[in-house]
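In the two complexes that follow, chain A is the common piece, with chain B as its partner first and chain C second.
Let's look at the complex of A and B:
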């Protein structure tokens, strides 16, 4: 007993200090009118912050923007990632080099990725619009109606490798017998993929989608590096909006309440996802 | 037979396309770091006489100090995480300490939006007059590195067979001795992977650094972002700074990719 808890205690102590206490303190802040510019103790304002967050049209707009971003980015990452993972699985030539190279983007600091693409996709001096002009396409990547998809494209560049990493591991842990049995029975590649590979891969797929979606929800660096929320408020994501409320407008109480609303939504999504997963497993 | 070879061609074409897609931005940034400002305005330029002006400029701009601060934050964070995480993860994995609550807490902490925790860190830093120092940044980075490292280690410890410790206990090791001398060496490769991964997470994070230490104690990602806003865009220097930030972690990542999947999945998927 003494050994068990003696070993656990330092972990719990640090965890409470860096996560538990700040979390409770944030909850307290969300019920106050704390401003960074204030002196002295802030006033308790009850649920006023939550009320104004719930009625804040910009907040829900940012929510919608973020949701669209997550769906587009993670959807593409799933399809492309699965195709690349299937291709890599059969790759024999220069196997380790290919894998390491294709996985590299996920280890780069996102601000560097954002700035790189801001430069590369720039309308005047960017290499990619210039290449497109060479084949007769004029496309402004950061124009109205396009900027959010450009950000999703940047996300795809950086995080498809994460999908590949998980899906490849999932593919390699699939038992070989059902695949061979289907092949002996004359099943074509598409049939085998649809009826055998995909169902066996399902648990890994769900985990990969969930992890990516949760991370994509936090998108901040690409917005900060490229559009700063523009044009208009088209690319104002939830994390960027909270940052602006808290840091640029000093309204920490209100920003904290926003963060908790986001957290509540995220937890709901996770619980629903796990419920469905459990049900599928027992069915 | 024809359909299969068609698939093989599609497979190779896809991998080549992916390779070009991944490498092109990196190569372009590397080229840009050797261009003059006027050359940077020409998006067609591939062959040119390299200049080292951007590199000289960026190296004298204090970027290495920022990289040093990032390294201090990363190493401190990882050191604390590995020490308290490995002992904690061991008893969670082998003695079921803390029940499922601790285990769940480690997972749930990875879901917390950074915007929830950053404002408490900021107000506490102000109250203790530690704003714009590395202390709150280290605290903030611990909030996501510690859970990830612990989560990795729980999986790695669970993969160690029970009989190994039982044998060690029979051989006269104390409980701690069995952990320290017998089990820990078994998970050393996993521990190394978790440490490197935790370091890259800390090294790459900008959000906390931007809010908690935006000024004289700016860490590397914040310093890089500064090339974008301070005195207009300095593309050549920015490119060189990006390379300084990227090259160490990408090299380090090559060594941990095999262990990474096992860690992320909490030991569920082995590679």
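Let's look at the complex of A and C:
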């Protein structure tokens, strides 16, 4: 064997063991009727699992819930993150301290964040509803029509710093001269932001949105720690739904097929987005 | 159209003084060139006029309007940057139209005027392209187009030619000069290239360490440099500067080389300045001068040659007509003398000019 392949071998071995095998095994399971409680070998059922996934209204409802969650969370993170990044860029003193402090939420494990907010926002014992009642506002954060937005808010709390980090790096890599030229050319701050800063930041924005959207799509911990999908199925996200099907109801074969459907959809989105990005770059 | 006035303008970053009490008037419609080595404060002065750099103290006025503290957009200036500073995501047409669009000119009118400006600069065939698809020269023309579309009160040029190759630089220089003359807009031009400064300027301002070392017409500065710094900075090849003393009208260098200047300068320590063109070389066999030198390198430039000479430990440079090079070879001994009247005396201590010379 050639030396270069020898050098690659350990990585490939690890990759096959921890990614390749589980992936292929899940693919295999998705074509079987395997249940966690089964003793014997599972039976191959062909595309039956996929057929039932595609026709499962709850699955698509969970898909919709997740999509709404991603749009709200990432949208807010983008707007707030950009505003913070823009002001951090102007900051003159204590830059490093502020920046590292702002990143703090990112370093907490999501399940802990979920639990923390579960108590902070709890209608009976939570500190925040209590404070709100103090100023005459009665708001149940996990009530119907609100729970999903509360979850999105938790995501915003934890992940806006990530957006800030990416956008700040993007802003600081924009060449200074076009911005100076625009000031001399008579542009006001808002005009320059719209016509120069945003377009020059676009590649970073796309990557930031994509990274955050993919991550938000995986939301599980917040749901598990707070609402468990409720009230009703309002906050039943796709990951939580898959988890329930596979782990709680033991239908691992069906859950695997759901995972692959999600994978296919996400991959399509990524490929389309990157194609776009490449085309814009070469245009 | 406006006269630009710098009054006691200073700029410092902490303890570092970048520009020190600058007083400067740019006459209406003139082209003034700020020239000096890097770090002399010339670019900072220009950026202060543009409003891109706040002023520590003093005032800048454009016409009757004091613009100190105004935003760049409120100063009615246009600027051409060293690295062009085009908007990378906009087409050539949109780049040129930008100053009009930014000041709320309707889109169709802005684009129409951009087209006619592009036409006058020979850019019509490139209108749809993005800056990265243009050569350096084309990018600079777009930058010029963007500057002239708005008819500002003042043009600012920050080393606009330094990223171009030598040939293009000379062409663009001529073109810039023609545009400036045609529009008659007061202009401030910053460069580190003294040749560019000499050829372009109505007024030339030589800066050193944040202060004006000398200002005047290029001819004034060239023919009567105010001090040894300007003498060495302006002119190519560089002026020979020789430390020595005056003894009864004759200059004697520290190493004993004698030049008969027939000056009435009183005896004492001086620095003698002689332009290479004014250091005359006598071919071997025809030496009548009291001073001799050994020929080092001869660099032929075509009609003329730069000859390096060494005379008793001094290294001198002379420019010799190619037709007079006969008999001159490396390590030949030649006579050297100074062209009568064509010399400059500077105080050895202060470097300030001693002799007044009418040009």
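Operating definition for what follows: the second predicted complex is superposed on the first by the 280 of 283 C-alpha atoms of A that agree within 3 Å, B and C clash if a C-alpha of one lies under 4 Å from a C-alpha of the other, contacts with A are read in each partner's own complex, and residues count from 1 in each chain.
Everything that follows uses one rule, which is that a residue touches a chain if its C-beta (ideal position, glycine included) is under 8 Å from a C-beta of that chain, and two chains touch if they have at least 3 such contacts.
Please read these numbers as outputs of a predicted model, since none were measured by experiment.
When both complexes are superposed on chain A, chain B and chain C sit side by side without a clash. By the touch criterion stated above, A:103 is placed in contact with chain B alone, chain C being left untouched.
In the superposition on chain A, contact of A:243 is made with chain B only, not with chain C. With chain A as the common frame, chain A serves as the apex of an angle whose CA-centre rays point to chain B and chain C; its value is 80 degrees, to a multiple of 10.
In the superposition on chain A, contact of A:7 is made with chain B only, not with chain C.
Looking at the superposition, the partner that touches the larger set of chain A residues, chain B or chain C, turns out to be B.
In the overlay built on the shared chain, the residue A:197 is in contact with neither chain B nor chain C.
Touch criterion met: A:255 reaches chain B, while chain C stays clear of it.
In the superposed model, A:235 makes contact with neither chain B nor chain C.
Once chain A of one complex is fitted onto chain A of the other, the partner contacts of A:188 extend to both chain B and chain C. Of all Cα pairs spanning chain B and chain C in the superposition, the closest are 7 Å apart. Common to the chain B and chain C interfaces on chain A are residues 188. Residue ranges of chain C in contact with chain A, taken from their complex: 50-52, 71-73, 75, 77-79, 81, 83-89, 98-99, 101-103, 146, 150, 156. Residue ranges on chain A touching chain B, taken from their complex, read 3-5, 7-8, 10-15, 17-19, 21-23, 25-26, 29, 34, 36, 83-84, 86-88, 90-91, 98-105, 107-112, 115-120, 124-127, 129-130, 157, 161, 165-166, 168-170, 172-173, 188-189, 204, 207, 211, 214, 217-218, 220-221, 224-225, 239, 242-243, 246-247, 252, 255-256, 258-260, 262-263, 266-267, 270.
Within the complex formed with chain C, the chain A residues making contact are 175, 177-178, 180-188, 191, 195-196, 199-200, 202.
Residues of chain B touching chain A in their complex: 3-4, 7-8, 11-12, 14-15, 18-19, 21-23, 25-26, 28-29, 32, 40-44, 80, 83-85, 87-92, 95, 97-98, 102, 105-106, 109-124, 126, 139-140, 142-143, 146-147, 150, 175-176, 179, 200, 203-207, 210-211, 220-221, 224-225, 227-228, 235, 238-239, 242, 245-246, 249-250, 252-254, 257, 260-262, 264-265, 269-271.
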